[in-house]
Amino acid sequence: MGNSFGLLFRVTTFGESHGPAIGAVIDGCPPRLPLEPADIQSELDRRRPGQSDLSSPRAEADRVEILSGLFQGKTTGAPLAFLVRNTDHRPSAYTEIAAAFRPSHADFAWWKKFGIRDPNGGGRSSARETIARVAAGAVAKKILAASGVEIRAFTTRIHDIAAPGAALENFPSLAEVEANAARCPHPETAAAMIERVKAVRAEGDSVGGVVECRARGVPAGLGEPVFDRLDADLAKAMLSIPASKGFEIGAGFGGSLSRGSLLNDPFGSANGQIRPLSNNSGGVQGGISNGAEIRFRVAFKPTPTIALPQQTVDTSGNPVELAARGRHDPCVVPRAVVIVEAMTALVLLDHLLRQTARTRSL
Amino acid sequence: MGNSFGLLFRVTTFGESHGPAIGAVIDGCPPRLPLEPADIQSELDRRRPGQSDLSSPRAEADRVEILSGLFQGKTTGAPLAFLVRNTDHRPSAYTEIAAAFRPSHADFAWWKKFGIRDPNGGGRSSARETIARVAAGAVAKKILAASGVEIRAFTTRIHDIAAPGAALENFPSLAEVEANAARCPHPETAAAMIERVKAVRAEGDSVGGVVECRARGVPAGLGEPVFDRLDADLAKAMLSIPASKGFEIGAGFGGSLSRGSLLNDPFGSANGQIRPLSNNSGGVQGGISNGAEIRFRVAFKPTPTIALPQQTVDTSGNPVELAARGRHDPCVVPRAVVIVEAMTALVLLDHLLRQTARTRSL
Amino acid sequence: MGNSFGLLFRVTTFGESHGPAIGAVIDGCPPRLPLEPADIQSELDRRRPGQSDLSSPRAEADRVEILSGLFQGKTTGAPLAFLVRNTDHRPSAYTEIAAAFRPSHADFAWWKKFGIRDPNGGGRSSARETIARVAAGAVAKKILAASGVEIRAFTTRIHDIAAPGAALENFPSLAEVEANAARCPHPETAAAMIERVKAVRAEGDSVGGVVECRARGVPAGLGEPVFDRLDADLAKAMLSIPASKGFEIGAGFGGSLSRGSLLNDPFGSANGQIRPLSNNSGGVQGGISNGAEIRFRVAFKPTPTIALPQQTVDTSGNPVELAARGRHDPCVVPRAVVIVEAMTALVLLDHLLRQTARTRSL
Amino acid sequence: MGNSFGLLFRVTTFGESHGPAIGAVIDGCPPRLPLEPADIQSELDRRRPGQSDLSSPRAEADRVEILSGLFQGKTTGAPLAFLVRNTDHRPSAYTEIAAAFRPSHADFAWWKKFGIRDPNGGGRSSARETIARVAAGAVAKKILAASGVEIRAFTTRIHDIAAPGAALENFPSLAEVEANAARCPHPETAAAMIERVKAVRAEGDSVGGVVECRARGVPAGLGEPVFDRLDADLAKAMLSIPASKGFEIGAGFGGSLSRGSLLNDPFGSANGQIRPLSNNSGGVQGGISNGAEIRFRVAFKPTPTIALPQQTVDTSGNPVELAARGRHDPCVVPRAVVIVEAMTALVLLDHLLRQTARTRSL
């Protein structure tokens, strides 16, 4: 249970870090969508490790194979299944994990839950699982793009190095985000972030940060109160990403320091179209999109895997000292950008289809 | 769609602010649970308006009637349905709402979604909807209590008045929380909060704040990766509460300013039991409870309804000035405490039942 | 669990035979549908007991009260909740049920499942539960009618008295079905059926029969292979009705005696429209509607409650003799006609909405 | 949508007849189950075509590859994904299908639904899709076996050749079922069935029949009224199998010809255990298993693909004559036996897990 996401565009994922493959099945993909592996591969390539010196050196081609749901280059409405083979297995690197519970990792909790665990690279709890999310998100993005919806996530803070708010007020282009290894569209900040990550890695340590995500072109009316609010489903999607520990939309936690008279978004009208004149709500009011840009932020903790020695216990409870030898990222934030976008696409498309079902005229 | 919550303990709610009744159906309530209306009423009384001068003066008895699922004082396993009649209707107070879109309210987005709206008190988008959540949560809490799980939410900040962290390190008692109208277990802070709310209300304005929630006695192993993680489902539950704009668990956003070596929770062992020695994870690792206390915070925005005049437009897009005359809370935070607890109970119980299903021995 | 039906037009029901009320919540009702209690009441009146001497003499007004989801005579898209109060309680009539397991009733199995049971009139297992289905079905029917879909069920056999097939080839009118207490649109057969039921009742016994259901105007393309086929969901809906024991669509069991060359439905074309020239498929091929009339049949067993003395055991396993004294129908078939229609409407509307979601142009 | 089955043991399938692979993901498989590919392969081998001269000569090895969810020979609780590569593609054999709508096939309805279709072997509508069901069912069977539940389906009728009822009263052994190509445990009848199928095939025609399924060792208490009744979910499962057109449980349609006094199953007691003394209910009462053997039957229509020429239309509506040249079974019933067992296992296990969740003591 728990490995499916979405109601009408429903993604079910599978696979472990060092098993044969990672993959997913999308049930509910609209038919007649032109789709080729390259549409998915381009997003997987953004997520792939080993692309900059900020990320894990694991060498994986991460080639996607589409198994079903396509006919002559178009989706058929049948389940779209795809997989990515794991190739760079190094189980021997994980002998220590098998014997001890890594601090702040999933090891202990998963073992308490399932009574068994696959220690190789964390098994199912590895962030390699997000390959399936990124691939499914690529399909969702393509459909959303055809409806005029564009999603852009980027790094706003790594450790305590934050981009100035004013610098990120505009919707960044994909090129601006991809221009540097930090995925921060403010070049000066990005340079400082990269220095910080390198310095921290050299110390054998890790850092966290914040990803911001925007979506424009989202029609008003998406979200299903009272429980499946658009912001509620976005929050769930974000907290389901490994290492995420917080979510805020619009003014978020900061807005709780303000007053109604300052924070409220008044409505105005132009060219016969009503719209909010400010966007402290982050594009969602009462759980439903209001046509303004969707804006939210996600907090990521420092990678728990560090090279510095840490005290912990083995599976029998005996104290052991642990120092990571597996490959890992000193900061997950830049790669999380791609995953945040993918999960956002899954939420928005699912709600777009739910709202479409409602449009049947009576 | 969107009015049900939970997979195995599934709550479906209904009702509008000024309709005949608010209610819910719980499907999946375990059988043979001793239950009487008073179990639910006591929680409804905590949520009820008009109890302090911080909340709306709307006078509602909010008496619960149980319609099904009980036999001789015990649950039968059949759906447990209940309703609360609305009595203090004053539709005339809402004529202006019908004509204009209130800033930062659900009015506009819901109208774009449904093409129709019930303006009386906000209709379905009113926070009166949360009566059903609190009632269902009361049932969940009773079942959880029998499993040794205790949930306590409280106010940690209103506007910029925050309780000192050290003061709230212990798990507060219900009496400490209920001791004041702010529902802040630190009396000095509570007094300042209450003064602030009164001052802001006098100005015709509103403020927001932060609610913290703890759960102790939660067994390790709850949560269903990769999507239905315990923290992901908690995040969704919290963001589904009216006026909430942020969620963070454990060290949350603040933790993203730290380093792995400082933030990681090492494991230790005592009396043959392995457990984390610190709790920056907030009781959840890899999406699964680890046996430590669950700790998270929720940000609430200032009530959008304020007495100060605001510019907005009517449904035709013409500018109008609006000043609230309906009854409302100048700060929703103290009442949100009760709703946060209820939603937490729904999440924890649902996951407890999901994990129970898994325990079937092979 | 198990008290909800449908994915996008989702009905959750509650209530026991002798509890305070029977009711339902519909989540996903399209907004802006004109609806008044009379739309529901008219169908409830068809289901109500005590209307002919074929049915139980229990005297219930079965007045529906709508609790939410309506504003100024139109649906709002919010959950539509309604209830029917039980008035004619006679718990004393059921003392014996509390002490013994009635043959072929739900008593024993439910007690094994839940460890508790409400014996009054069978509690939740009473066919009074179907009030909620009929009410929800009335709403679904109204929406379907606006899309040109019409559903008609009728009795084709009671005990061994069957209407001649040729007589029922046309789509019967509602008036023809309602013209007699048997709800068989062939008057001569209906008269014989009524005699048979009276004779059997006089003997203290009961009989079963078969209901046929047709739906015309169903667009081609409804049904979601491979599991949520239209015929699969209809089968589930029908087998969920109390006392039903069989389902067949199109040629059904009889068709399995034929040959492909005789049974296949060839396609033809007229006025530019392709359609099957015969309908042994019953309007569903490969799990999807093909535009032809939907045709299926449901078998109902004889009412298990009979006045003749029966051997059984009490809850301790001691032999007891039981003879029904509660009110019951000697044949459920005529009233089942109304329930079959309601469940058919729920299935067809849910699939219509699911297909509508798919129609979003790419 | 529609390609997942089950709530807690949830199977999602994918794949087309002539695509790269057929497969499935099982979410909710209990952890620590010893499992190896051979457990699945043995059931796939029973389903595989080309094993007798009654079935299609398509030569497929149907080798299963497990992609995830296993560690050192045991399930981990993570999704169990597997696939079977298609090898014997012959797209050229299906040129005619692409141009015309085959009578009583899914071609036309699917095209109306999706606006696109994969004609090769029927694409997703091919019965090759059931490979995934059989593989998932093999896992479910293994878990059920550990709980003492045994499932056995077999052929009771092909065309008009039916096994005598008395001959099949006992629970047949697997060996008895597998002893002949008809999968009828009554050898004399099986011989006649085989002759009939051969004769019909020689004529270029096809026949249908009936499969009976039994399950013993099913504990009382499975099934979730009022909608997810055990018999309702079995009915849905069976009608979701390609070519099935009818379902009946216990006395079924025949029982509707009887009287309550003759059909009711009285309860008796032996060795302190209460149980029904007869089984006209087929092991389910009020939608819940009562501990007696589950017994139901499924009707299958004659294979719509026949070698005899048939009139139909092409996609433009022009009349064409069609005669099958693809490989196909003249009678699907013997192979359907394996699929019926698999789907039964999926239903029973899912309900076993649902009931397990309920057993949490209060």
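Here the chain labels run A, B, C and D in written order, and each chain numbers its own residues starting at 1.
Keep this in mind: contacts are C-beta pairs under 8 Å (C-beta built on N, C-alpha and C of every residue); 3 or more make two chains touch, one makes a residue touch a chain.
All of these numbers come straight from a predicted model, not from anything done at the bench.
Asks: Going by more than half of the contact pairs matching by residue number, which of C-D, A-B or A-C reproduces the interface of B-D?
Replies: A-C
Asks: Write down the chain pair with more C-beta contact pairs when A-C is set against A-D.
Replies: Counting C-beta pairs in contact for A-C and A-D gives the edge to A-D.
Asks: Need the CA-centroid distance for the pair chain C / chain D, whole Å please.
Replies: Chain C and chain D have C-alpha centres separated by 26 Å.
Asks: Need the CA-centroid distance for the pair chain A / chain D, whole Å please.
Replies: 39
Asks: Could you give the separation in Å between the centres of chain A and chain C, each centre being the mean of its C-alpha atoms?
Replies: The mean C-alpha positions of chain A and chain C differ by 46 Å.
Asks: Specify, in ascending order, the residues of chain D that touch 2 or more different other chains.
Replies: Residues 1-4, 7-8, 13, 31-32, 77, 113-114, 124, 354, 358.
Asks: List the residues on chain A that touch chain B in their complex, please.
Replies: Going through chain A, the ones touching chain B are 1-5, 7, 13, 101, 103-110, 112-113, 124-125, 129, 157, 159-160, 200, 204-210, 219-229, 231-240, 242, 245-253, 255-261, 263-269, 272-274, 276, 280-282, 284-291, 299-306, 308, 310-313, 317-319, 354-355, 358.
Asks: Which residues, counting only chain B, touch chain D once they are in their complex?
Replies: Checking each residue of chain B against chain D gives 7-8, 30-33, 77, 143, 146-147, 352-354, 356-360, 362.
Asks: Would you mind writing out the residues of chain B in touch with chain C in their complex?
Replies: Those residues of chain B that touch chain C are 1-4, 8, 10, 12-16, 19-23, 25, 27-28, 31-32, 65-71, 74, 76-81, 83, 113-118, 123-124.
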